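Next, two complexes with chain A in common: one pairs it with chain B, the other with chain C.
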Partner chain A sequence: MRQLILTACTWVLCTFSSAAETPDIDQIVDTHVLPGYERLVSLAQDLTAAANLDCSLDNDTLRTAYHDAFDAWVSVSHLRFGPSEQSNRAFALAFWPDTRGVTPRTLSAMIAAEDNVLETPDVFATASVAARGFYALEFLLYDPAFADQTTADYRCLLVQAIALDIERNAAAILSDWRTGYADLMRQAGQNETYRSDLEAAQQFFTSLSTGLEFTSDMRLGRPMGTFDRPRPNRAEVRRSGRSLRHVVLSLRATRDLARLLSDGDATLDAAFARSLQLANDLNDPVFAGVSTPQGRFEVEALKQSIDDIRALVATQLGPKLGVAAGFNSLDGD
Partner chain B sequence: MKWISCAKCSLAVLLGLGSGAMADEQGGKTAVLNTYADIAQAKYNDSLILAERLKTAVDALVAAPSAEALQNAKDAWVAARVPYQQSEVYRFGNPIVDDWEGKVNAWPLDEGLIDYVDASYGGPSDENDFAVLNVVANPSFVLSGQQIDATTITPALLSETLHEADGIEANVATGYHAIEFLLWGQDLNGHGPGAGNRPWTDFATDDACTNGNCDRRAQYLQAATDLLISDLEWITAQWAAEGEARTTLLADENAGIIAILTGMGSLSYGEQAGERMRLGLMLNDPEEEHDCFSDNTHNSHYYDGLGIQNVYLGEYVRIDGTIVSGPSVSDLVVATDPELDAEMQEKLSATMMALGRIKTAAEAGFAYDQMLERGNEAGEALIMGGVNGLIDQTRSIERVVAALDLDQIEFEGSDSLDNPDAVFQ
Partner chain C sequence: MPDRRSFLVGLLAIGSFSQATWADVGDPAYVSAARHPSDGYSMLGLAQTGNITFNIPLPGRGHAAAAHPMRPLVVAFARRPGTFAVLIDCRSGMVLAEIQAPPGHHFSGHGLFSADGKLFFTGENDFENAQGKIGVWSLRSDRIRRVDAFSSGGIGPHDLHLMPDRQTIVIANGGIETHPDNGRAKLNISTMRPNLTYLTLDGEIVEQHEPPPEIHKNSIRHLAVRDDGLVAIATQWQGDLTDRPALLATHRRGGSLMFHEMSNDVQRNMRGYAGSIAFSGDGRQIAVTAPRGNMAVITDAHGRCCQTIREPDVCGVAAQGKGFMFTAGTGHAFTIQTGLTPPPTRHDYQWDNHLVPINRS
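Take a look at the complex of A and B:
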């Protein structure tokens, strides 16, 4: 029941007629959005360079570059609108959750057939999103089943193609922000995309609440499963040991956005601090502990603390701003 | 139904719940909610009527299997989808519908749970141990450590034991898509032309039986069809005069209007534009289409869109041609912001035009799974036209919510939402 209500509260559509405090949209764009994408582009360039230099699996430089670039992506992954939605860029960077195991299936088929989709970056950009981006790259770099495939040359070309595709998508998002989208938000009220400051504020508010919902329901909820049937194998990026790291990174990023939206509201910030403390204390990098009562209890406590932030966002911050979250991609099944 | 709504609005006046103007406005919202509930009842009742016709065709197929009898059953299934898909707009705003709909329209499914599949389908997967259980071929099997007796395939076996077995959503044992699989079989044509091509002899009663266990396959088909009927009877009753869906909706006018708009927006954006259309395109997967066995996806998308539009306009054409109509959300918006209403109507029409293009091309022979092929630019443009229309109309739905000033939504039963301070205690 609780689950249902909290899901409901993310699409809360009500508006609040009381006097609203408009957040500083310029500041959010300049200190939160643009630097985040600049970091992603820079680290994605490093990843491409590392893959081109040496694509062997035991190459620590490549793995470090992969982790760094992926960190940068997770830190902007809540900004699912505008340039990141254009041309399915965000999906191509990050196809997860993969509830039907499409990524390993697609990669295997591609490798087995030595699919000529690697010919040029433009052709690769037409490939299934399941075989592109950070999550596909994780299988290639960390799953022994792929390391054992005999077509090592093709695997290497595939790693390089995915890295370059990540860089191109990241660069395209940043470019769109710089060459127009940032201005649409700064000049809200003077264009059709954002007809008022309130609509621009609502966009960021939706990003905040959707980012928190994703972390709670997907990053934590999927491996937790049910008490009788925990699903540790569903933990996000468990092969590279990054599951908990994603929770921490997304909490940090959404905390920053929450500060900017709330003008540094202390109660809300304290709620984030509490979640981050629980995450830091959780000695379970891939949530393997969800199968044991104690381990599950700890993951559940972390999830609950994030749901508490979501409650504050919906009932305190929303009314304060005079907005509520719009629809998001998690609204369906 | 009308009488009840009038009784409620006059009661509100008697209780002094507002000024005259407010009472009018509240009566207006109640009238809108009643239209919405009337349309729901009509859509589910139409779905029920056509499910009963499907049963007649299925029974005829089982009694006297033939190519013609199988085709009649398929035709009845396609017709049955027309009103049902238009009802999907009721899902996300009404928890009673959303909790129920998985029984009748769950998708996508690991069809190997039900019957034989091609070798290319694969075996048990990381996500699902029962992806190739094949109940039709196995009268007895072990499920989550329990020995299951499936000697007779009954509606109860399907709904209580098999459906979502092991907590896996892809274990779809009931509903339209299970029936679709039994009638059409797997579509093994990939991105090429053609739908599933199950031979009618899969239901033959004598030596002509192909692929084994024809009697059990027929039993499964009849059980699933019976179950569909009883499930549709139940939901239709929930929308009747004293039904739970209707009374819940009418309990709070603003929450009721929010429910309407939530259903419209969630189906438009997260579900249809995202999960059902864009995802399949991004994955280039011919199995990522809503009606993958029958190649009827173009119709499913079209009637989903039509349902969103007719709920906003408060006007539904029943399967017998009669019209159910009344005060609508559109009327409420006109009273507040006529320009926004025009915008909303225009966006809904644009979406229907785009979904109509997909339907037109598909009916002329360019099937939906062909549109999904990598590098098929015409197909991508058709599908993205629908996706963009749906995304665009979602923005206007959000504006409608803002314009109608629907106040606070209720967060019943959650301590942390009712009392945020409790979070830190």
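Take a look at the complex of A and C:
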């Protein structure tokens, strides 16, 4: 009898605790995903409007609109699943890293030929993803080589086409979320895409861990290169001075998701706070300092602090959400 | 890493080695890398029964291995992306030679011996140029040295096998660009183009196939070859997981790549990731493991679905008897013969990704 009671208690405890560990998917969708994409669409509309009004290079309104819309993208850029992956939308918004310099090459070819791909938005949507999105726009707005190469008219049309394409892509992602994907996640357990709340939570867990990995390996790892061969020219969007800003924005966004997934776990949140503090203290907006020992040390400390968050996510949050940590399944090959 | 003296002794030892055969090390049927909870990493020989026949410590986590067709020699690769492999004498456990990737190259973790055992081929990533290479090494005298390298015909080569004609290599070019500055980060998913390439031993490309454009993110990673030249292909999906494309394909030279859809349920449960692939001993079936889905799938040789096996962290698979031998990260090793699943042999070792058969010639 005593054994039976003990078993019953264990069962109740287990059920209770596993229920408590399943995050509130509705809340993540309603406070994290949808507002993020709504903001992106709204600011992308502003960007199109600014480009249409005055596409000259010294137009501060256009540059501000570029920064604001880009900020909104970086803040949702970790949500790489579902609507953002349809028709390569996320890549068309953000083609980076560009290890072979395809973006400037494709833009140059387009400009040299005055390619009529700009005729309609639908035709432009068939152009290479490397010549679309925020990273292509940065070259046109901030790289002097492009200002010199092109006639003002064609450059202007290209800027407007890219802005409108960004807006259309962002709107398509938001529309897919509103008209179906949000419900798939809210009603996890009642559909084949997400067969339980846990599966929906695991999807967000993947977004969190790959978002942190991208920031560590790409946004910081690429400019760091190796000690003997630092690569400051590989810093993300350095021409418009946004490299560190992307790290901060992505940390803020993933911190919000981590809070929602972990039910406000204090240790995890403190790890994010530490990284954000290091990022805010780093007086090096495009990581130019990676070429000096001291500068490199500071960027490395920031990267290490993000890797510390990743370790917490993998070893503490992962098991809570039932993400397997097998010898082979975790290794990848 | 051996010191210089033991390294030289090793080089000398290979001279007195010519008579040694696999029988001298307990006639293992397979080799596999593994981790022991207390003793670190090893390369182990396994008998048909799943029992361990030899155990050689490794300095770090291993990956796949390649077994010499005659002598009891194994090349053990470091976990990818690695720059070194070791040639091990399975009798003494001695490292006969260290095989170092040339500067700017990483080993893919897979390699193969020529049928006469005199040449060794390694899959390599020439990462500064984002080109796949096959390194060629000579084992002709008493040492192993690099003699050549040629293009693998794509980016990110991974697994490679010798075709039954013994004159052709088939290689899985996974299509994914990586660079050591960025860990294992994948740099070109939006534009990746994996392929299956056949080359002569001199590096001449004789045949090449890509997945259709709508599944260009289906990375071709691991291969198995049947005696009649049928190639079975296991892929890893790099796109959105809700797309769930087929992860199994077959190919016969002169034909086109055939992807084999399984039921929505099975493909969903595999989680876009196939770990290893093998033909059954009688050649009538194909097994694909899906460690992220904690399962393996057995189809017929035409990829027609299928029997599924639930097994946590199962990844290694090779032919055994008429059926298969599987290994898992949990330490389990088990066989499946015509639907029967006898209880697994349990080991304290966590079996690593691949169970490599020793194909004696």
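The criterion applied here is as follows: the second predicted complex is superposed on the first by the 302 of 333 C-alpha atoms of A that agree within 3 Å, B and C clash if a C-alpha of one lies under 4 Å from a C-alpha of the other, contacts with A are read in each partner's own complex, and residues count from 1 in each chain.
Throughout what follows, a contact is a pair of C-beta atoms (placed from the backbone, for glycine too) under 8 Å apart; a residue touches a chain by one contact, two chains touch by 3 or more.
Given the structure is predicted, the values throughout are model-derived calculations rather than measurements.
Of the two partner chains placed by the overlay, neither chain B nor chain C lies in contact with A:A51.
Of the two partner chains placed around the shared chain by superposition, chain B and chain C are both touched by A:R100. Touched residues of chain A were counted for both chain B and chain C, and B has more of them.
By the touch criterion defined above, A:S329 reaches both chain B and chain C.
Look at A:T226: by the touch rule set out above, it reaches both chain B and chain C.
In the superposition on chain A, A:V129 contacts both chain B and chain C. In the superposition on chain A, A:F214 contacts chain C only, with no contact to chain B. In the superposition on chain A, A:F81 contacts chain C only, with no contact to chain B.
In the superposition on chain A, A:F91 makes contact with both chain B and chain C.
Of the two partner chains placed by superposition, A:A201 touches none, neither chain B nor chain C.
Where the contact sets of chain A with chain B and with chain C meet, they give residues 88, 91, 95, 99-100, 102, 129-130, 225-226, 326-329, 331-333.
Taken together, the chain A residues at the contact with chain B in this complex read 1-2, 4-6, 8-9, 11-17, 88, 91-92, 95, 99-102, 106, 117, 126-130, 195, 198, 202, 225-226, 229, 233-234, 270-271, 307-308, 311-312, 314-316, 319, 326-333. Chain C makes touch with chain A in their complex at residues 35, 63, 79-80, 109, 130, 177, 179, 181-185, 187-191, 221, 239-243, 264, 268, 273, 275, 291-292, 294, 312-315, 328-330, 350-353.
Every residue of chain B that touches chain A in the complex is listed here, in rising order: 92, 95, 108, 125-127, 166-167, 169-170, 254, 258, 261-262, 265-272, 274-276, 278, 282-285, 374-375, 394, 397-399, 401-402, 405-409, 411-414, 416-417, 420, 423-424. Across the complex, chain C is touched by residues 81-82, 85-86, 88, 91, 95, 97, 99-100, 102, 129-130, 192-193, 203, 213-214, 217-218, 221-222, 224-226, 231, 324, 326-329, 331-333 of chain A.
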